[in-house]
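Below you'll find the structure I mean.
Chain naming follows the written order as A, B, C and D, and within any one chain the residues start at number 1.
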């Protein structure tokens, strides 16, 4: 009987590390790695690092290799630990605890939920709705694996439902340097195409150097329509703005991948809590990082959301 | 690091040489520990870890005794986020003792924790001495219910113990039948709440009085551990007071009170304004506390503070601790206590020392 | 880092923007400092550094005021070696206040130190209150001799001040003419000696009494700084006592008492058994001390503890310090205070804040 | 007027790092470096290191380059900082504070001191005395520069007296791996030869794998004779044994390069003191690291010395 592979602390080795715009794309081979869901994360700690704690990073991609996998992380160098990770060379070793957290639940996200008042039969003939993916900055990280999983749902190795929606990627970046990071989505969109699925990609930059000149939420405002599903990852202000925009549109549901400072990643420390819409505190590492818009933000006033 | 090639995991729950009855077996009052490595309260949630990392964690815990997070009389939300920030070789936290309250703890977690194959040390805090007593009474009642007493048939049904009467015949009082399985740690040292707790633990008299009161509701031979704060002028005085009050062991130390500012706003970063510092940064300070307290009290000590490597474990044992607890360093590796227990075994073999010979050796003439 | 290509040196004594009279000028009681960066006592010997690294160190010191190592009444050998060991992000030391005694200091070092182009803050310790008073009297006598007094012609020739009489007319007492150039820091906080010193600084009453006594021999307006220990339950109480006793400023903090064992013998490694922890490891703890004391006292504070980067400098100023001292981190770069002063200037420009606006900003509502 | 180059904190860059037996030989280019004496040291700290303090390392060699020098250090990887140094790659940067301390005073060491009672004239015809160099383990470090300086004294760029003594190198190592470190002496002995000076080299190993089987002090006992000068660097026990052996021989003078844990290297911290023969404590960084045998060990009993 083969051992069931489950989340654990494992030793990984960097096999590749290169720039992806203003970020780094780090590939790590991890023997024994248990297959992950898109949206899950891992706690990373470089061997010999001066940092005390591991840091959470979204699993950006995962390719099986032997009894393990090669994982991809997309890292924005914002502080000491992320800078260290972003500059690793092949051969460097790091400990990898994961996969952790609840990722994107594709069964739920792709379920053909009836619009309020409409009967399921009415949906059959409706135009194909979209799965709008909103990424802000390094919030692009979890989506390569999401695309790959959608592509494989149609027959690939992963247990994902058949994708009944057309993915539309909306990516917001600060400037051209950051925008070059869209390259990380390339493999995923190709795989979708090979699987017979189309997808769209629109970029926005704050300085107008690439694509639309303005916030990615402005693109979203133009594109989103009733019946769509939205998944988003990015700065808190962007996530709140996405919610403020979508919660008023009928039959649009949103999922957000959220962030918090973490120490353990497994629910031990109570450190990563965020306030939910109902006022309670939830551990991002256990209840999230992906939360439904209603849970995370609820019925907050629009002006609060966009602050 | 232990690398088991079958699943690639870096460390496992039960390294060789750490089995019950092996050479690392150690005694903490009435509790028999398979080895001297446990977790520090609030830094390892065995039930959560088991849900995330697999049921092996409850079947073969990576600790020789399990210490759950602090429980208080009433449920608590804890402090507002952010609650964590890394500092130089350390972690600052202001968690603020969120927990479900003792009632829920006894109903929900306790039955599962009593099923663990290792002793349990329940950690309790309060905001007044009465809160400590009530919470411990509730806990004792649950334990008596679940595991029974001997010496008196009525005790189990009475959640409120009779007031202390000096000279009363101790032998006639009901004895907990579970004393060899469950101990109590009183947290009088958390710096992240604004009354009770650390303010009790900084005062020898209040410490003495609280332990006296708790000994009434948590009678001998059950283990009563006082967890002390290092944020005091004279930790020896507090330790002596706790011993006199009836503590059967001391846990040293809780976190050091500190402050971190937000680099942008320059206001306090943590939701609780100040926080508690833990991690390797504090190890020399914690080691000093254990060393100094060992010179004054006879009861066993649990060494806590910055334990990360087997060198740290050896140091705390040499300074006089009988048991060593892993705190924040375990966040990086939830099996760290078990890994360190395995490495401790190797160290002892290499040095040709028994565990008993190692404990307190730093006090022997050079 | 500042890289001046002509000699390849990493940092220089006087980075741009830190000249006297510039925007970083700050006041510490009667002393005017060109910028808020000084050294912590015992971690920088300007005269030694000048001999090794060049006379530029005395011509243009890398500190806005110079604090020599602690001087005691009698010469001291200090503790036996080893005296140093590195820990996680920290340094443990048990130097034990070796020094030549106040007599030699006044004869030998003082004249050269009075020639420095920046204020001098002499640091004095004792093992009884009397020793402090006698050492300070000797120092004052030397200063009166060298630099004169005004208000009374006889004071300079009398090394022993009249006993304190409440209500006596302060204005009639002789005033030191050197008060704008020389201050006094009393070290009541060294953990590496076994009597006096830290045992005074852990007790508010003794602290009050000592400062009272010292104010007699070190009269206003001369700067009297009390350097406090963090090894106390309540640093606010000690700070208030020092202020009431007459301190014109407080230096926070001295080292934290810790212990390191020799990895081979497992006995205490340092010659003095325990030692004092300094360095980045303690920064959050020191910052907390400054923040809390700022809430209770009105006199200026000197922030000390783990300062290594300009972020640390900004933090201590924001927490309420008017001056920041570089300790152990200066061992790696003897010009570090000057380098940090330069970087502080940049920070202020980038944040569009004046130094005065920065000081204490952490206490303002978010 | 050219600036006088003096000791300072400078930024160096590793240009070369390779094994030398069990040790590493690290070459660092330091612009502005002020020329050093053999036996002086530098405080080294690797940029971005997790270590808090710099560590003292003997200057093993020094070649001028532009307005600076390429320095060589020989590093035994015994703990975290030395391991980090020993494994640096070219391009790595480190801060270098130095040159520091009193090195070997060649004027004094090579001065033709008259034997007790003998008049200077009597010396003129005496056989040429030796300069015996005793190295234990990584104690070999300071001697390449010593040899180079001796060679240049005869006309090279350095201000050293003409060497009137024949250098004899006695090197003690634990085993063969360590013994391979003698290679660091090669350039120095060659330069001596080119300068017309001979020199001898004998090795001893604890396990007999290379050269003499036994302690290097046993070699010394066989070789040293009246009138010789001895310079030594190595473990404290070796230094004491050298002194115990030599102090009884007439007109033999010894200098020792000693070690202590250091924080500052410039006399600021009072941390590096060792007890001298007269019972006083001296800062190794200022009074040393090279001390005369009488100062360091005095008239200690022989059995105390060899403990």
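Methods note: a contact is a pair of C-beta atoms (placed from the backbone, for glycine too) under 8 Å apart; a residue touches a chain by one contact, two chains touch by 3 or more.
Predicted, not measured: the structure shown is a model, and the values here were computed from it.
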Inset, instruction - Could you tell me the distance, in whole angstrom, between the mean C-alpha positions of chain A and chain C? - result: 52
Legend entry - chain A and chain B: spacing of chain centres that average the CA atoms, whole Å: 38
Inset, instruction - Please set out, as single numbers or ranges, the residues of chain A touching at least two other chains. - result: 50
Legend entry - Touching two or more other chains - residue numbers and ranges from chain B: 89-90, 279-280
Inset, instruction - Based on the touch definition given at the start, go ahead and assign the chain network to line, ring, star, complete or other. - result: ring
Legend entry - Listing of all chain pairs that touch each other, if any do: A-B, A-D, B-C, C-D
Inset, instruction - Quick one: which bits of chain D touch chain A in the complex? Just the residue numbers, please. - result: 48-50
Inset, instruction - Would you mind writing out the residues of chain A in touch with chain B in their complex? - result: 3, 5-11, 30-33, 43, 45, 50-54, 67-68, 95, 97, 100, 260-275, 280-281, 286
Legend entry - chain B-touching residues of chain C, taken from the complex the two chains share: 87-90, 92, 202, 231-234, 256-261, 263, 265-268, 274-275, 277, 279-285, 287-288, 291-292, 306, 311, 314-315, 318-319, 358, 361-362, 364, 366
Inset, instruction - Using the touch rule from the top, collect the residues of chain B that touch chain A in their complex. - result: 1, 3, 5-11, 42-45, 48-49, 51-54, 69, 77-78, 80-86, 89-91, 93, 95, 98, 279-280, 328-335
